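Lettered A, B, C and D in written order, each chain numbered from 1.
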């Protein structure tokens, strides 16, 4: 079975920095032969990570909230159509062997919280102090902080080598 | 249609203080003739709020995560069986006209985040500083802080009188 | 905990006969003090059963497919907002102690099949021959046929007296 | 975006004939370069179709009902973990560009009905008379009958060439 890395972050409100970081993450995930999973929409972090992974021939999954493929990112290979609205966020985290986040919003916060609730590890990429402190206080052993995409990927490799995920 | 107030908080890990606050909330919700909605399990805040509401003859709904009524709180009148696991958290917040939280954990954090994502107002009862700051930073106009159950209920009344919910 | 009877059938395409039968079912469910559960929309069988139950002061639950209360039947007391689209059909049947159907369409067929899959009993009210034969062939011990609303209600009473539901 | 063909049928109760047919379907789907989607469990039609697709190097998706990968078919490449129980049946059909069924049970019947409700085409492979008649009566323009796996695949090709799916 293929290993799946989920990348999560804001849609329309993502910053240029977050979009760049997401693209780098996607590219590195593709280069490592892992499958990229995102929320599948053609905006923000989801779109950028998918483009990054496709730029190196990676495989990309998008878990869509709507009832059809309207608004899917062009770089998504496999669209899973849920018609679950925000309940699909729980599928995003359950289906990911590990989650990396880029930036924070209400949707991303729900995904981090659901990931922790479901005993998943979450890597926060360049988070603000408040996000770090809040989620670390909830589940200190499941939250990991990295400064740049490469460090995030190195952490995923280490977890895989140790059989932690 | 009946107005529904959701009370959310920890299950097994709820503190004695939180359980007491949840009981008071449930009682006040029942006294005001609103319907109480919780996650429905027979532990922690869900159980206490339901008991509080029943103590004054209120109507209680429990949105259960499992595939049957196993583990439902005794004070739940109407059990909605979802078999959705933690995806049911999104139904908890969508079905509540307003949400009041007692304490914080990963499940409750997911509910607050999903409520904000879905444009619901959330009243945090006696939250710690970190929880207040984190969620206020995400959605300042949707987060309200109160010190005690009666103040929470007064805020709900005010929202209803103003047609805000 | 209150006993819940689910009434399911077509929405916009319901016939006048089915709407009349659904109204009678709702009225009888209300008179017996059971809670009525439907898909909650303001059309067809859902709407008619809810009106029937309210006409005698019964309590009515509507499990809505959308992300808010748009299109809810006026006679629904408690709206459960799921944003699950047709996945909410599984919640309809899991939350009902027993299901009675009025007429058949693709949505109702999915509910009967899901009810059988989840080991629920289903009473088909005045079904056509094909519907009877198809579902009886799938789960002969869970399908019951009645000719009129009163006979359906009598069957529910008998199941309750025998502790079958 | 990759085209996805869903193959659905019984789990533990599948017959040897159905398992053989499912294997052939999976193999042909893989040979055509389409993605195979199933319910993902290591039994019956889901397992056989996945093995067939993998035997020719096809890509296989499994949409699992549980909260982790327990019980996943070995031939599944990408496991989507839903924790939705039977509500995941709606995701199976929404995510498939077209559905082919092998045999009939309550779960498969729910998937056919949900597929029709969501305006999907469904190809019934060697169905019994009752299944054919029942679903044809519900949605005559969406139900197609074939006698063997190759004819089913030919129909999918034709739909794709005509832009029907």
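Quick note on the criterion: contacts are C-beta pairs under 8 Å (C-beta built on N, C-alpha and C of every residue); 3 or more make two chains touch, one makes a residue touch a chain.
Treat the numbers as computed from the prediction; the structure is a model and nothing was measured.
Contact with subunit A and subunit C alike is made by B, D. Of all chains, the one whose Cα centroid sits at the greatest distance from that of subunit A is C.
Counting the residue numbers used at the interface between subunit A and subunit B, over half appear in both copies, so the two copies meet with largely the same residues. Separating the CA-averaged centres of subunit B and subunit D is a span of 40 Å.
Averaged C-alpha coordinates put the centre of subunit A at 29 Å from the centre of subunit D. In subunit A, the residues that touch at least two other chains are 67, 83-87, 90-91, 118. Chain contact summary for the complex, subunit A toward subunit C: residues 67, 83-87.
Of all residues in subunit A, only 1-2, 4, 35, 61, 63, 67-69, 72, 76-84, 90-91, 94-95, 118 touch subunit D in the complex they form. Those residues of subunit B that touch subunit A in the complex are listed here as 84-87, 89-91, 104-107, 109-110, 113-114, 116-118, 130-131, 133-134, 137-139.
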